[in-house]
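A short worksheet on the structure shown next.
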Amino acid sequence: MAKDSYQEQELLEIKSGKAVHIYNWHCGEYLSKFFIGLRDKKTIMGIKCTSCGRVYVPPREICGPCFKKMDEWVDLGTEGTIYAFTVVKLPYIDPNTGEPIKVPRTDIYVKFEGADTRLTHWLDETDENKINVGAKVRAVFKERRRGTIHDIEYFTQI
Amino acid sequence: MDNETWFEITEKDGLLIHQGVINVPYTWAAGKVASKFYTGLKDKQILGLHCTKCDIVFVPPKKVCHHCFSELTNWVPVSNIGTLQTYTVIHYSEPDIHPFNKPFAYGIIKLDGASTSMVHIIADTDLENLTEGMRLQAVFKEKPEGNYLDIKYFTPVAEANHG
Amino acid sequence: MGIRTAIVGVGQTHHTSKRRDVNGQELINEAVRQALLDAELTIKDIDAFVIGNMDHFEAINYVDCWGVDGLGSYMKPVIKVTTGGSTGGTLGTCGYQHVSSGLFEVVMAIGWEKNSESDTQAAISTCANPIFERDFFGGAIGPNAAQYSMYMKEFGATQEDAALVAVRDHNNALNNPFAHVRKFMTVEDVMKSPMLCYPIKLLDSCPRSDGACAVIYASESKAEKIRKSPAWVHASAVSHDCTYFGDYDWEGQPTLNAAVERVYKRAGITNPLREIDVMELYLPFSTCGVVWMDHMHFCERGEAPKLIRKGIFNMDGEVPINPSGGVLSTNPIGATALIRIGEAALQIMGRADARQVSNVKTAMATAFGSCYWYEATILRSTKP
Amino acid sequence: MDKAAIIGVGQTKYDREKNKDFPELVYEAVRNALDDAGMELNDIDNVVTTSNDFFDGRTIACMGVADAAGSYGKDATNVEGDGTFSAVYGLMRTIGGTYNTTLITAHCKMSEVNPRKLFNQAFDPIYERMLGIDDVGSAGLQARAYMKRFGITDRQVAMIAVKNRNNGSNNPLVPATSYVSVEEVLNSPPLASPIKSLEASSFADGACAIILANQNKANKWAKKPIWVKGVGHCTDTYRLGERDLTYSNALAQAAKKAYQMAGINEPIRDLDVVEITENFSHQELMWYEALGFCRLGDGGKLIEAGSTEMSGELPVNPSGGALSANPVQVTGLARIAEAVLQLRGEAGRHQVSNVKTALAHGTHGICGQSQCVWILSNQEN
C-alpha cells in the first residue's frame, strides 16, 4: 500500500479524560512555620541570612549566595508595595481543577519593606487603569485560616 | 474573590502537609499510523506494519523500524488470534487507571502473522488456568471509540475454534 | 582541555500550531531525519542521544525511553535533560559536553514539543512552587510587562520600540520556510493588535507551536570529515540563581548578566557588538528585545532603544538578531532554544538560505526559561 | 577517557516518609557531601541536579532545589532520570574542559505520590497507557517470562529478597527491618504474579549527592579519591511486546562498554563488590546474567551457591539495595555512593573486606529499558 492511502483516512485523537494526580506536598520546616504564622497570628514572616543580611520571603532553609542555613525570623508586617502585576484575562485551565480559571484575575508581586525578595499573590482590583506599580497594598486575611498561602485572601490597595 | 481550591491540610509533628493535584487534560494526536490501526479495529481487523527489510511485522504498528530505521508503509492484516507469551495477575487496585477490578490479568500476546506482541488484558476466563502458549482471541468493543480499548480484552479461544 | 567540538548538522520540522498527522515520536523522527540528511550521515553514525522537552505539556514520563523509535536510538545511550523554556540550550550544552569529554564522537541533541496536546498555560503554571506560588503565576507576561512599563518611564522608551523588535523578528520569519507564524507586519499592525497585558500586545508575544529540532555535534576528528566548514563550539554558559519567581530581580537581571558575562569570558569576547556577526536570541516578548539588550554589553543602560531605532539589529544592520524570525514566530517550547543554536550554526556554515547573513564568523545563541534561567552559546567558523 | 574521581559523597537517611521538603533534603545531602570532601561550595565549579516533574509534582522541578543544590552563581543543569545518568553527565562536564569539579544531586519523595499512576504515565498514551499498566504489572510479565524460559524457581527469586532485605539491616541509612526468611517472602501477599510484596522494592524518601573532580583537582582534595574506571549506558526498545523481556541486552551493552574502559575481563573475579538497582527481586538475577557474573539463565544457580551473599565471592548489594530503600531517581546515585564507601573501607557494618574495584548500577524506565553501569576503583592506576 502506498503512503497515499492515508489521505482519505480520519486522523484520530486520544483523550486523557480527567487526568488527576494527587500529591501530598510536605511543607518542610520553614514553609510550615510560615503557614502556621499566617494561620495562628496573621503574621507574614521572612527569614534573614545573618551572613549577607538578605531577607527572604517565602522563608527557606538556605541562603543561595552564602549557602548557609538561616534561622533568624523576621516579621514583615502585612503591608507592602506592588512590584509587578498582571491582569490575567485568558481563562487557562486551572491545574487544581481541570476547569478554566475565573477571569479577570490580578496576580501581583508584593515587595515588603523588610524583604529582598517578593511574595506572589492576588490583588482585589482587576481594572488595570486603577493599579499602580509601587502602590501600597495590605494583606486581607480570611476568617477561617488553615495554614496555607490562601489564609491571605488577597491584597488590597491602601 | 474566591479562587482558592480547597485541599486537605494535615499537621504532623508540628509541620504541615498540603494535599494538591495536577489536573490537566490532554489530547494526543494519534498520527496517521495509529489512526489507521484504530480505523481497522472498527472493522474488527487488526493491522500491522511490515518492515520488508528486516521481515518484522509490527503489531501494534509503528512508523519506523527500530532495527533498520526504515519508514514503514507496508500494511498487513494479522489474525485476531494469537499465542500468550507471558502474563501476570494483578492483585492490587488502582481504580483511576485500571479498566477492570482486581484480580485481573495482563498478557503479552503474539498474534498469528505478527512478529511483535501486544500487551493487553486477559478476561472472561478463570485466571487460575492461564498458561504460556495458550491461544487467545481478541474481543472487540461493541461501539468502538478509536483507541486501544476497542479491543476490550483477550480471552481463550473457544474449543470449537481450535484448529 | 576537552576535545574540540563542532556542530555538523541541523534538522527541524516545519512548525505549526497543531500536527495531527504525527504523534510525538513521529514528530521527533522528522527532525532526526532532517539532521542526518543535512550532515549526510546515517543513524548508525550517531553514538549517543540527548533529548528534552517539558513533561507536563504532553504528560509522558521518561521521554528518553518513550522516544527510542523516533530517535532511532535503539541500543544506544540516551539521556534526558530538561530545564523548562531553556531546555534547548541545556540540550545543546549536553550534546557538546558528550563530545568534549571524549566519551562520544558523534552525538545528536533533540528538543521537541507538541504544545497542542494540552493547555500550555495550565502546564506552565505548574512550574511555580505548588504550595506557594502556583495559584498566582499567570505566566511570565506580567513581570515582563511591568518591567517594560518601568523601562519606558525611566529611559523614555516607547511601545513602538518594542513593536520595532516584533516587526523585525516577524518579518525575518518570511525568509524562513520552517517558521510557524509567517506574516508580513508593520509597527502599526503590532500597535493595533489586542492588548494582552499593558504594554504587551498580541503581536509582541510568542505563539505556541508543535515542532522538533535536532542538532548533531561531532569531535574534531569526525567533524572535519563530515563537513568542510562546521560550526565550532567555543563556549557555553548558564546561570540559574532562583528558587521562587518572587526571588528574581527584574531591574538588575542578574542571571542574564551572569550568563552572558561568563560566555563572553570563556569565548574571549570583549566587544560583542563588534565581534559577534549574528545572534539568535530567545526573546519571548518583543519588550525583552529592548530591555535585555542593555544587559548584553551592547550599550549603556537605557540606550537599547537608540540601537533598535538605528536598525543595527536588522538583517541589513551591524549585528542581525534572529534572521530566523526567533521565538516570536516559532515556539515549540522544548525545541525553541535548540532552534536558536541550530540557526546560529547554519549561519556559521553558510547554509541558512534566504535568511543567511553574509560573512558570519561568530554567532551567539541564547536560551531563557524556568525561574529566569539564561543560557548562552558562542559558535565560530574557526576552531577554538 | 581522562581521569576523574569521586571525592565526596553525601546521603540522607532513606525513610518511608521524611519531615522535610525537597530543598531541605537536597541541602542535607549536599552538605554531607561537601563535609565528606572537606570542601566548601566555592570549590565546586558546576552542578547537575536530578529531578522528575511527575514525581516532584511540578513542571521544571529542578527550580525548587536550585539554591539548596548550590546552583547560585554557577553553571547548573538538570537531568531527568536515574541519578547514575546524571552522574554520567556530571562526569562529562568534569573532564570536558570547562570545569574541574562537579556536584551531582538527586532527590525523591515517594511518600508524596501515587507511584503506580506515575509509572503508568511512562506508557504510550496512543497505545498501552489505557490498560492502566504500571511498573509492577510489567515487572510481573517480565518475571514470568524470565523464570519460564530458564526454569528459575520461586525460591531462587525469593532468596534475593532475603539477601538484600537482611543486608539492609546492617545499613543505618535504610529503614530498619527484622529478619525475613524465604518462607516469609514466598508467603507474602501476591502483588502481580509471580511477584510477591516482599519481592518489590521499598519506596522511600531521600536525597544523595556526589562530587566528581578531574585529575587536576582529585588528588588535591580527596584523602581517598575513588577513581572512575569505566561507564556505559544504553537504552533498549520501548514497547514491552517488542523487547526480549528475559534478557537485558541494554545492560549487557552498557556493561560491555564500562568493562572495556576499565579493563575488566572476568567480572566475577575482577570485581570485589557490586551495588545494583533491583526494583524487583527477579531483576537482580537477570542483571547478574547481563553483567556477565554467570552464564545466561544461571542467575538462580548463582544465588543458590551463595556467590553474591556478603560472605560470597562477589557480594551484591551489601547496602540492601532497592529492596531495602528505593527513592526513585536517587537509587542509582545511592548505589554509587555506597560503592564509594566500600572502596574507602567506610561502609561500617556492611563493609566487604579487601575492596579494590566496585560496580555500581542504575536503571531507568519500565522493566529496565535504560541501563547505566559504573566501574570504580580506589587505585589511581
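To keep things simple, chains are lettered A, B, C and D as they appear, and every chain counts its residues starting from 1.
Criterion: a residue touches a chain if its C-beta (ideal position, glycine included) is under 8 Å from a C-beta of that chain, and two chains touch if they have at least 3 such contacts.
It should be emphasised that the depicted structure is a prediction, and the values quoted were computed from it without experimental measurement.
Undergrad: If I average the CA coordinates per chain, which chain comes out farthest from subunit A?
TA: B
Undergrad: Any idea how many Å lie between the Cα centroids of subunit B and subunit C?
TA: So the centroids are 37 Å from each other.
Undergrad: Need the CA-centroid distance for the pair subunit A / subunit C, whole Å please.
TA: 28
Undergrad: Multi-chain contacts in subunit A: which residues touch at least two other chains?
TA: 6, 11, 13-14, 16, 19, 21-29, 31, 60, 64-65, 93-96, 105, 122, 148, 150
Undergrad: Touching at least two other chains at once: which residues of subunit C meet that condition?
TA: Counting only residues that touch two or more other chains, subunit C contributes 20-21, 23, 56, 58-59, 68-69, 74, 119, 122-123, 126, 128-131, 134-135, 241-243.
Undergrad: When you check subunit B against every other chain, which residues touch at least two of them?
TA: Answer for subunit B, listing residues that touch two or more other chains: 3-5, 15, 18, 20, 22, 24-32, 34, 66, 96, 147.
Undergrad: Taking the touch definition from the header, please name the shape of the chain graph: line, ring, star, complete or other.
TA: Shape = complete; every chain linked to every other.
Undergrad: For subunit A, which residues are in contact with subunit B within the complex?
TA: 1-3, 5-6, 9-29, 31-32, 35-36, 93-98, 101-102, 105, 122, 124, 146-148, 150, 153-154
Undergrad: For subunit A, which residues are in contact with subunit C within the complex?
TA: So the residues of subunit A in touch with subunit C come to 6, 11, 13, 16, 19, 23, 25, 27, 31, 56-58, 60, 64-65, 83-90, 92-96, 105, 107-109, 117-122, 128, 133, 148-150.
Undergrad: Using the touch definition from the top, list the residues of subunit D that touch subunit C in their complex.
TA: Contact set of subunit D toward subunit C: 1-2, 23, 52-54, 57-60, 62-68, 71-73, 75-81, 85, 88-89, 91-93, 95-98, 118-119, 121-122, 124-126, 231-238, 249-250, 253-254, 364-366, 369-370.
Undergrad: Please give the residue numbers of subunit D that touch subunit B in the complex, ascending.
TA: Those residues of subunit D that touch subunit B are 19, 57-58, 114, 116-117, 120, 125-134, 136-138, 140-145, 148, 189-195, 237, 239-242, 245.
Undergrad: Show which residues of subunit B lie in contact with subunit D when the two form their complex.
TA: 12-13, 15, 20, 22, 26, 28, 30-31, 34, 58, 60, 66, 85-92, 94, 96-99, 106-108, 110, 116-121, 132, 147-149
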